[in-house]
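To keep things simple, chains are lettered A, B, C and D as they appear, and every chain counts its residues starting from 1.
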Amino acid sequence: MPNRLRSAIPYVLLILLTTPILVGYLWLFISSMSARTYGLRPEGLTLENWRFLVEPIRSRPSIWQVLLSTLAFAIPLGLLDVTISSMAGYALSRLRFPGRRMFLSFTIVLHAFPSATLLIAIFFVLRAIKLYDSILGVVLVSVSLGLPLGIWLMKGFYDNVSWDIEMAALIDGCSRLRTWWSVVLPIIRPGLAALLIFSFLGGWGAYIIPYTFLVTATIQPISVFLQSLTGDYTFVNYGVVTAVGLFQLLPVLLFYLFTQRYLLNLYSGGMKGGA
Amino acid sequence: MEIALDNLSKHFGKVKAVDEVSIKVPDGEFVALLGPSGCGKTTLLLMLAGIYKPTTGTIRFGEKVVNDLLPKDRKIGMVFQSYALYPHMSVYENIVFPLRLQRLPANVVRDRAHKMAELVQVQGLLDRKPGQLSGGQQQRVALSRALIKEPDLLLLDEPLSNLDAKLRIAMRAEIKRLQKDLGITTIFVTHDQLEAMTMADRIALLNNGKLVAYSQPHDLYDRPKTLFAAEFIGSPPMNFLRIRIEEKDGGVALAGEGIQMPLAGEIAQKVKSLGGGREVILGIRPEDITVATDSGDAKAEVYIIEPLGRDMLVDLHVQATPVRVLAPPTFNAPIGASVALTMDRTKIHLFDPQTEQALLN
Amino acid sequence: MPNRLRSAIPYVLLILLTTPILVGYLWLFISSMSARTYGLRPEGLTLENWRFLVEPIRSRPSIWQVLLSTLAFAIPLGLLDVTISSMAGYALSRLRFPGRRMFLSFTIVLHAFPSATLLIAIFFVLRAIKLYDSILGVVLVSVSLGLPLGIWLMKGFYDNVSWDIEMAALIDGCSRLRTWWSVVLPIIRPGLAALLIFSFLGGWGAYIIPYTFLVTATIQPISVFLQSLTGDYTFVNYGVVTAVGLFQLLPVLLFYLFTQRYLLNLYSGGMKGGA
Amino acid sequence: MEIALDNLSKHFGKVKAVDEVSIKVPDGEFVALLGPSGCGKTTLLLMLAGIYKPTTGTIRFGEKVVNDLLPKDRKIGMVFQSYALYPHMSVYENIVFPLRLQRLPANVVRDRAHKMAELVQVQGLLDRKPGQLSGGQQQRVALSRALIKEPDLLLLDEPLSNLDAKLRIAMRAEIKRLQKDLGITTIFVTHDQLEAMTMADRIALLNNGKLVAYSQPHDLYDRPKTLFAAEFIGSPPMNFLRIRIEEKDGGVALAGEGIQMPLAGEIAQKVKSLGGGREVILGIRPEDITVATDSGDAKAEVYIIEPLGRDMLVDLHVQATPVRVLAPPTFNAPIGASVALTMDRTKIHLFDPQTEQALLN
């Protein structure tokens, strides 16, 4: 029995530590369904907070407009990120060219670079090339910031494809480009899928970049929309905020549920041993 | 097709991976590129495949210099050590991939694929993915993918090294027979002297990028021309003893620490002509020495005895020099026992310690 | 010659693409040293913008106070992240326990989770446990958000340590704990160093979390301080902003210069093939 | 120290990795755990090391049951296949690590380390890091680290598999001699029958987690008790032919497709007693068959010939059954030639096709 008690201790500790988080989520859910809350006790169950689904909140754009903007930002972001990373990663993994080593170091440095520091410089660049306050500009900036990690991850996947397979394709009659397209890319398909999902979800939840470089409310993505609900008024309607928060969260959760195993690839695929 | 390499070299920076190698492979022959790891044998194979470009020298396929030809234009087939099957394609798709790239009509592709699958006995596996196959099956598929183009030259990279011991012995014979039946000029790379001996019509022995021998297996075994070749071919390896040629009372003998080996007849004449008093290295294979308890050419001490089943491998020390002898399976002696060794006069090799060249051939 | 011309094309393209970024940095530097700028042309070279080093800007805390707060945030963040990750990573890599597989999936999901969505829930939790507006609270939140990646990376390093070495240590006379401490940890030291630097620099540049959960100006880190310079006044003194920006950037750059090779370990160490 | 395993089993979920194995290892003996991959030999070794706990059964070191003893309390030394040296410590630190953990006085540690280093000849390497050593040197260091504790039991996991062919032959003898000199009870795991034959005093042959044979090497080679043992031991492997025992005119013969092998004397009596008309499997090793062009016990067709140097390995087909024969190096015949095989009556083995047990021993 004391042995059994002892083995229970870690669980008790873990439960205690996890409770605040769970309570937070629970509150989120309850709050979105009620007029007011006292702690976790809801008062006045209502769907009023979810009205934003059918009717814009005061002077703001409709949620569907916001959703469209978010997708217009996140989808190109994911596609561009995967396209460029898959090409650059191949070059870094397979080709020997002057400056390759330096480029690799630089890539990883850029990844860990605090992006906030770059914001001012980026602002001037965007203004100069007339892409300030445009979705295209925000996509380009986000892709650039996402590329270092994407390239590294893709390089990891390519590194795991044996040279032999490429040589075999060359001997079987492929050109170099054909080898990449018909033999190598299909092999790293799980990696491509993972990076695509990862980038897309990154775009879905992105805040700083769109917040800084998009001023027109109609083209702002959902995370900025959500933040604006809490920031602009002296009186914040937490019910609505939590409902919108859940609205943003739910598709992400669903997405994770179905694509989790691809995301797992992202790290385990590039690494020996895996999960 | 006849293959000719002429003063072929490949340098990587300052490293001469392949150094002025010249070889002629007659049409339809099976040639092994043999050597320790890092000897340049794989580099040589990849030059033949067109993956690497030679630094200097020429590669000729028949009459044509192919130095600058792309792999896909060389009419070659290759089986890799890892088999290198395309994991996302089925076995059938793997086999027909080279034909698809040639845009051959569908019925030709199908017919050839089935003929090929039958030849290497993978008919039942066509729908599987490579990941579902055993090592031996993967190798058969790789072989059929290499052969379906009906190549002029077949290249094999360590074809047996990923198979287990039993399968290796079986595939050795099978690949050799297949090559003989098809008559395709074939070049394979191996680090295993036994594989080269058993499979090849001719062995090109490489060391440090240089060609050290190019001859038939039995020739390489019976009459090695250099110390390196003598040491590399044969297992357990040849024994080497430092000795001196001694002339005494008109006779000639090989003498060393613990060794006194009088010679007679033809061999005595040959050795005499090398010059009395000369220091040489005596090489003799473990099967050409007999162990007795009474007297012989050398006195030795038993270090350890290893049963091989068919024979006993007796590890001995002649003074400080280790010597291995293959004795009959009934041989027995305790560790440290003193025994006498007798060497077969007709099977001895002598090498110059400086030039490492054979002196008796 | 046409061949030479052809090989020059990618370089020309790359230079054109890189120019805006370089110009941005150049402007940052020039602007910090001048009273005003017309495009890239400085006017009135001055060190006035750098006065914040010796004298607080208006009513704000001194830069040294800010620096201290930043370190008080970033150092514990790095240490805690490494300590916990190195322990959790070991458990995930080596021990078999119920729920391990699920925990692994969850970890990676959490890593990619848009943290902005969690802010509201975290706010309530922090307020409830009385850590709102305290450096400790921000450290705890940041550590939690950083752990998933840290644990995955550490797990990757542990996965590369062969079981044989651990068994050898056990047979040589170590306990399990001793094995971890004297044999396994020293082997993955490069990974620990890399994660420490990575976390520290993450803390140094962190913005959203400190901005959201720290209100008292004297305990805000430098990135929030920097942002506050641009946000609060109708007239923004860009000269000062760029000077503070450079002040934040320089130590980071220096740090990278000297520890780059450790950071490279972070990804290449965990992956087969490496750089 | 004597080691006794009694009905030892280890289950992983539903898989019986080791299944009721009972072995007694006499004090000072050198025992090989031999078997194909997945046969449970490594699991067995790790149970001896204390890494795995047995599911059922007992492990006894001397008189003491050690099932629940931690590895560090077992007085064992172990050399891993990968050597498992601590990469962040110098060779000296690696060797003394086990003594440091025992908190022995510094001078004892130093003395023993130097004695050990001398024994395995790594004196000159003490300041290096493991990464700077060759495979052979790493193995010596691993060996000295395992021996410095003066263990009661030494465990070796595939000790030679990471060495090249030449070094393997040398280390084989050296490890065997070291074991004999020190007299430490030693158990090693290998998948290579030759390694087991040459090094071990006694071989425990495992298959699918079960012990199939436990005897001395020559016994296992000359008198295999099961078909599996006969097949696993020896290279090239034993030939197997399906035959029928035929009684005719008072005589007895073994007959099969293309085989007619009359017997006489003692062996004829033995075979007769098995019962006429019985279907059995004839086993005979490649060295116990002779090839001739005229007449013999079986008619065969040459499939391919492989020179081994010392012999020719002749691959033949007796109808559809492949048979390998070791012939003298002068043997020569074209592919497809018809030859006759004669089998050495004293070296034949018969096995029951159902039970796979030997019938003549």
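We adopt the following convention: a residue touches a chain if its C-beta (ideal position, glycine included) is under 8 Å from a C-beta of that chain, and two chains touch if they have at least 3 such contacts.
Predicted model only: the values in this text are computed from it and were never measured.
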item: Separation of mean Cα positions, chain B and chain A [Å, integer]; value: 56
item: Whole-Å gap separating chain B and chain D, where each centre is the average of the chain's CA atoms; value: 26
item: Graph class of chain-chain contacts, one of line, ring, star, complete, other; value: ring
item: Touch relationships between chains, expressed as pairs; value: A-B, A-C, B-D, C-D
item: Interface residues, chain D side, partner chain B - complex; value: 36-37, 164-166, 169-170, 172-173, 176-177, 180, 192-194, 197-199, 217-218, 221-222, 233-237, 285, 287, 303-304, 306-310, 313, 315, 322, 324, 329, 335
item: Contacting residues of chain A [partner chain B, same complex]; value: 162, 164-165, 167-175, 178, 183, 186-187, 189
item: Touching residues (chain side chain A, partner chain C) in the complex; value: 20-21, 23-25, 27-28, 93, 101, 104-105, 108-109, 112-117, 120-122, 124-125, 128-129, 152, 156, 159-160, 198, 201-202, 204-208, 223, 226-227, 230, 238, 241-242, 245, 248-249, 252, 256, 260-261, 263-264, 266-267, 270-275
item: Of all residues in chain B, those that touch chain A in their complex; value: 46, 49-51, 70-72, 74, 76-78, 80-88, 97-98, 101-102, 145, 149
